[in-house]
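Chain lettering (A, B, C and D) follows the sequence in which the chains are written, and residue indices restart at 1 in each chain.
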């Protein structure tokens, strides 16, 4: 049966042999670590919701590979409606956790590789597509979480991989034999490896002839030998280790990013989906990024919904909910939030079918979507800061609230309106602080800026896909210019 | 045969008896007037394109009323795909004329009335829906252009219709008998009546009990007796009457707005679609505005395309096309323009079916679409001004260019790069001037701001349709607040 | 006596021999032409106000050259207070005319040349400074209006002057003898020559060794022989020739720009202030532009004041003056407008004394000022459009209002509140139209964008003057980075 | 001698009896607490710089009360130049610490009270001014740091103090006798009490007749008996307690805010500067806020300078310093940052003298300044996030970098360009993280939004001080409207 229960899922991601470090210390059973647990919860919910009747339309799909009913996160999109449902599902989940659920990158890479391996095979007679399909059938059937990673350290950004002082600054092949290849390098910003089962490793940018050793794409199991995994710091991460988790703001859910070093790791042939075909690397990056930029059109509005809700609740707690100017600011937040959603939907609505059979979003509009995501959440967050009040910067700790001596004083002086408990005010304020400058800021702002490519990446794709020459022709036609 | 040829269309809109004034003078044969001709061209092109093979998918549709193949501008949307095709068609046409084609308002009102009259009849047992269907079959079969109008003069905006010093400041019934009603009042901002065959007249805002006489909706033929029609001034309108039309910028296409006074006009019953059902007026305004706000998500990006094209062409003429900073600004224009398009597509993609059978866009997202339209074209236009150069403010007249003495001097000193003719530079500069502050500004900025409702109208609908309570609940659920 | 009366001024600017063209026709007595008169009024008011007791502090100053009390427009700034008074005076005048008064460019060039000629002489032992002082004493003593011009046609913007196909695309020396030089070329965007007495001609950009023939600065009388002057078109220019000037919006004041061709014009030595010293050209452009960018910090907020006032008046006429949302938009307009003013004041407050003795604004902040001017007026204008209502795009002509038949209808239907005359509504609406897309748009938007240098010009100066290395050092110091 | 050495200062602020709590625990010697030390450093630097020759002009001033040379932070402004020097000094200090130095609020309140007590005395014959001068002489002579506080808890924001369920939600008099008053209530957001010597306590908003008990202003020593002081949490506060402080980002400087409860505190008469004169409360709030909003025009650009410097340094470290698009973003940051500075300077340049003798900034422009501060730092920070790269969200801890095993790996893979040490990269990235979402965000964004009054407070003052009626009159005059 393809659907894992949440319990089965939790069991399945334990990786006792993973070489994982946090704050300089080796972590043995990461699934018990208070800093890491919330990030597992964010993937776990994708298993929980798949069990619920009310979310079946969003969470499940019928596999085109096997005919089985599978979790949508492993689905190869079969229609425009699938692309739109992706956006709706992402918004719905983000509404429940207000952070990243970390299961999209692998899904997006899977859809990109399905169609791209088909194209490579067509040109070269290789068998990447079959390999990929075999792997993906397993993912679907076992309801596996796959994540993905592109970003190499990159060293001096003005230089190509081979020009770097240290060739390892881009992940590359250092050896190979009949059974596979050996790779060395690192991937930074690797999101969500711990709660996952497999990882796609992709190049970080387009490659040119001569850069064949850097032109590789493969998958590894998440507990791959030879990896050194270092847990990235996040704003306010250690609050999760304190006695009172309420200060975390969003204390149930989170996401993580890892710095992963590949110390001469062997990759067997069946796990490799691209190897040396330099001219396809740019398109792989583009296509994966395209799917992933679309994803932001779903998840970020979901996070935005919770921020707007918390902000509105906060104004209610303060007795100013009906003030016209306050209301006008809430309207602005909604307007901005829905503008992102519009972009996510629109690039889906203009989707098209690839030769391999699956559907892909519109490349121009998905980049427009993501470019808006590098701006709009910042402005929503700024308005949230405004309506939150200065107290998001000054509220005493929950330890103070729980203190026998200070608690009553805080409760007396933080009282606002009849029926509003100070503990609830604390929760809302801490959540808004979390979004503004805590763990939530990492996901809602930093990741919005850089995830799926920094804004400049979108600005490069936009003119390439917008057909400026056609626009020039339109002007010429209107003005009778030959 | 339902499709009129352009020639048949031109013949069909002559209205020799219309009481039309321009600059204080009565205009007899408006279809020969140089100020008015370009505005007729903008409707005519909707007939021309319908004849072309390449645009069939966009321009034609199969009537659900008669099964005939009709011009899409008379179509009752039968699917989400129809809603999306609407947006694509609007963009395509606007790309050819860079202004308003004036045929959407009636189409949008038609779709709104089709479903709303069904609802009114259901409640009251009236026969508005049948009346409407009869009228609309004629529109489809004869390929008629219908326009629509809401805006009353409104007098003191802080008062209701009956509180106004002059009751006529909102159009209302002054008499009625078994055959129909007599109305008095005025509609200002009436777009495109001259090149049309019929006009829908709708109330300008929600009505309350007691305001039954103001709660009316009906259609009239465009040459209705009893109307006094005054042509509205537009920036640079008289350039169209000069010897050298090139100074107009967009000299082939335009749009107009009229101030129309109803001096006790009789409306027969069969033309009336709402009469006194106050509680449906708000929804009529909303639904029509909803469809029409969606329309802006199609046409404005089309205009934007030509502006971007002309701007890019201008930078090519000046030899700075490849400059990174210049290019970056073009990318920004595209990004902004496509953001509008995304909104137009998205509210269509979330469309739904009304009980009457036709499809309607998502009400929240169409308002988000329009609110963006009140901002984005202004910023696109600002960047266009930037890249146009100061010459859009200083270029001598075309009469100078054509002058025997001055022409050679201007040609010598306005030369830029090999292969660029000064006349073509003139065309592009004049077009960019037109958009910035000429006739094009009326359509691209003023109409973007106020057409289909000023921004405040959208800001009122957005919170009503965004379900803020649900968002509050999401925050409560996440934070365990009961 | 140094101060001219308005009547003396008017007499003094008649230039019967000027070779002036408008719409392809030669204009003989331009001071009687309805299109040109408002632009003369804008300079004339600088003479009128200088006569008024209440404006003495702003309008007059004591010459450092002669000790005479002179019109401030000829003053060489002697203190920071003078720089600040400049800004205050400019705002005050713009508040009265809502457009450009055209007398700053010459003033700004005068201050730049006073200090720069001093520096050139110091290096080369030339006598430019003495020449300049002699000329400027005359300007002060005779209360002359001087304008200035930089912009050459520039041809292919990616090429230097000598690389152009036609060497005349930048104005340059074609001959010289002991008495002076002969120049050929053109200046486009020449503001306000007609109502002036003299014109400074400056290079359009920095020059390099080898470009000595292009490195020239001189003054000419405004009726210089050998000029061909073509009047630039402006949006809605011909409304000034109609029967009812009310449709112009701002019917009393205006500004103009000219396309001026120099057909081998002889410039005597005493009029030349720079000739071949290539390394000083960039600084001349910069310094003049610096003073002129400061000027925008004074005049544009003055125009903004009238726009805000007209907008507020319009909301009063419509009965919505006290609405919280409307009010909030007015506050935003004020906020934006005062932000420009702050920049104008700030670059003055940080002024410093040049070796020649006169004061100069801060170069970084004046560029920040101007860069804000390329954005903020556009947003103010957008909000003005919003609050103006759709009627700025649709109002019938004044000829209609004055018509016996239509006038009463328009008066009936445009009535709003007790005590508001429809004629006054017309005035306010036409003024707002003028700013949005008529003659006012040329001055308030186009000129804000490109006058004193397009935005990119400011973006080039800003990093050069902002001392980024010092900022890097601050970061290093804070973080103990060596 | 009026100037304390840094050592004397440190000694002088020890307050062994202060009832201070942090994380629910009582703190005895706060001056040794790692979370608190950086916040003391930020005040201490104001003493250090005052000792340095190179900063004398900025840091010192001559007292108008005693003729002594004093630290400028205790100076009553005697000229416009003093107001401008204030801004320059604030920028200079902030450039060194990149956070709040916490010594302005008391200074700003001092200047407000000096002139306001004079006015109250003039009306009522009271002796507040003398009391204040006596206190302030001591402040000047002993070189004391004074802070200030307004914000009451405020309870239900839609209600007045007396309507609250608990009358203590606004601080008020609960008893009084001949020697003084007894007050109860709380002040939240109290900045910098620990490193200070005295605190001004002011009402939080305008008061009305009947609210006399809430209309009080007084000073207390910082170790006042009867206070319960709770230290406010800040993003990433506990990083300061970790082994490796580098993860703090800005590890040397900080600021704090406190929640302070007044449990029936006795205030002797000589410390009281307003008591029951309700009509002066609004002006006290306004005047203090006015001075304090001006302050933001100095300090925030100073912080901005360090952010820009760190961002530029980061791009240098990554090898992309010269990229045109990168450079363009740096220019934008500078432009925005200097726009704030312009506002700070401008409201100073238009300063005026109060009857008491000291100078005050322009009220309209200081509010414009602060309103810009509620927006611009957010956008600067957004661009900083962009240029920082995703690594501000993912960088492993400094403990990892220092780890024997992981350190070499991180150094290998975080290498960028010749001469760039990975430790320095860490420093810059951590600083940028700090500004984006750590301790720096509290000061650079949260405080910019709410310090000296939330944006709505400025939007209320702006229309009151902008003379909208005069603007309307300008429009009427131009358009001949009577």
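Keep this in mind: contacts are C-beta pairs under 8 Å (C-beta built on N, C-alpha and C of every residue); 3 or more make two chains touch, one makes a residue touch a chain.
Remember, predicted model here, so these are calculated numbers, not experimental data.
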Reference chain B; chain at largest CA-centroid distance: D
So which of C-D, B-C or A-D is the twin of A-B, meaning more than half of its contact pairs are the same residue numbers? C-D
CA centroid of chain A to CA centroid of chain D, Å: 38
Dist(centroid_CA(chain A), centroid_CA(chain C)) in Å evaluates to 52
Approximate Å spacing (C-alpha centroids) for the pair chain C, chain D: 40
For chain A, jot down the residues that touch at least 2 other chains. 325, 328, 459
Listed in rising order, the residues of chain D that touch chain B in the complex are 324-325, 328
Chain C residues touching chain D - in the complex, by the definition given at the top: 84, 95-98, 250, 252-253, 305-306, 308-310, 312-313, 316, 327-328, 330-331, 334-335, 338-339, 341-350, 364-365, 368-369, 371-372, 424, 427-428, 431, 459, 462-463, 466, 468, 470-481
Residues on chain C engaged by chain B in the complex (per definition of touch): 21-25, 151, 153, 155-159, 165-166, 168-169, 186, 188-189, 228, 230-236, 238-239, 247, 257-259, 261, 318-320, 323, 325, 374-375, 378-379, 382, 385-386, 389-397, 399-400, 402-403, 405-406, 409-410, 412-418, 433, 436-438, 441-442, 445-447, 449-451, 454-456, 459
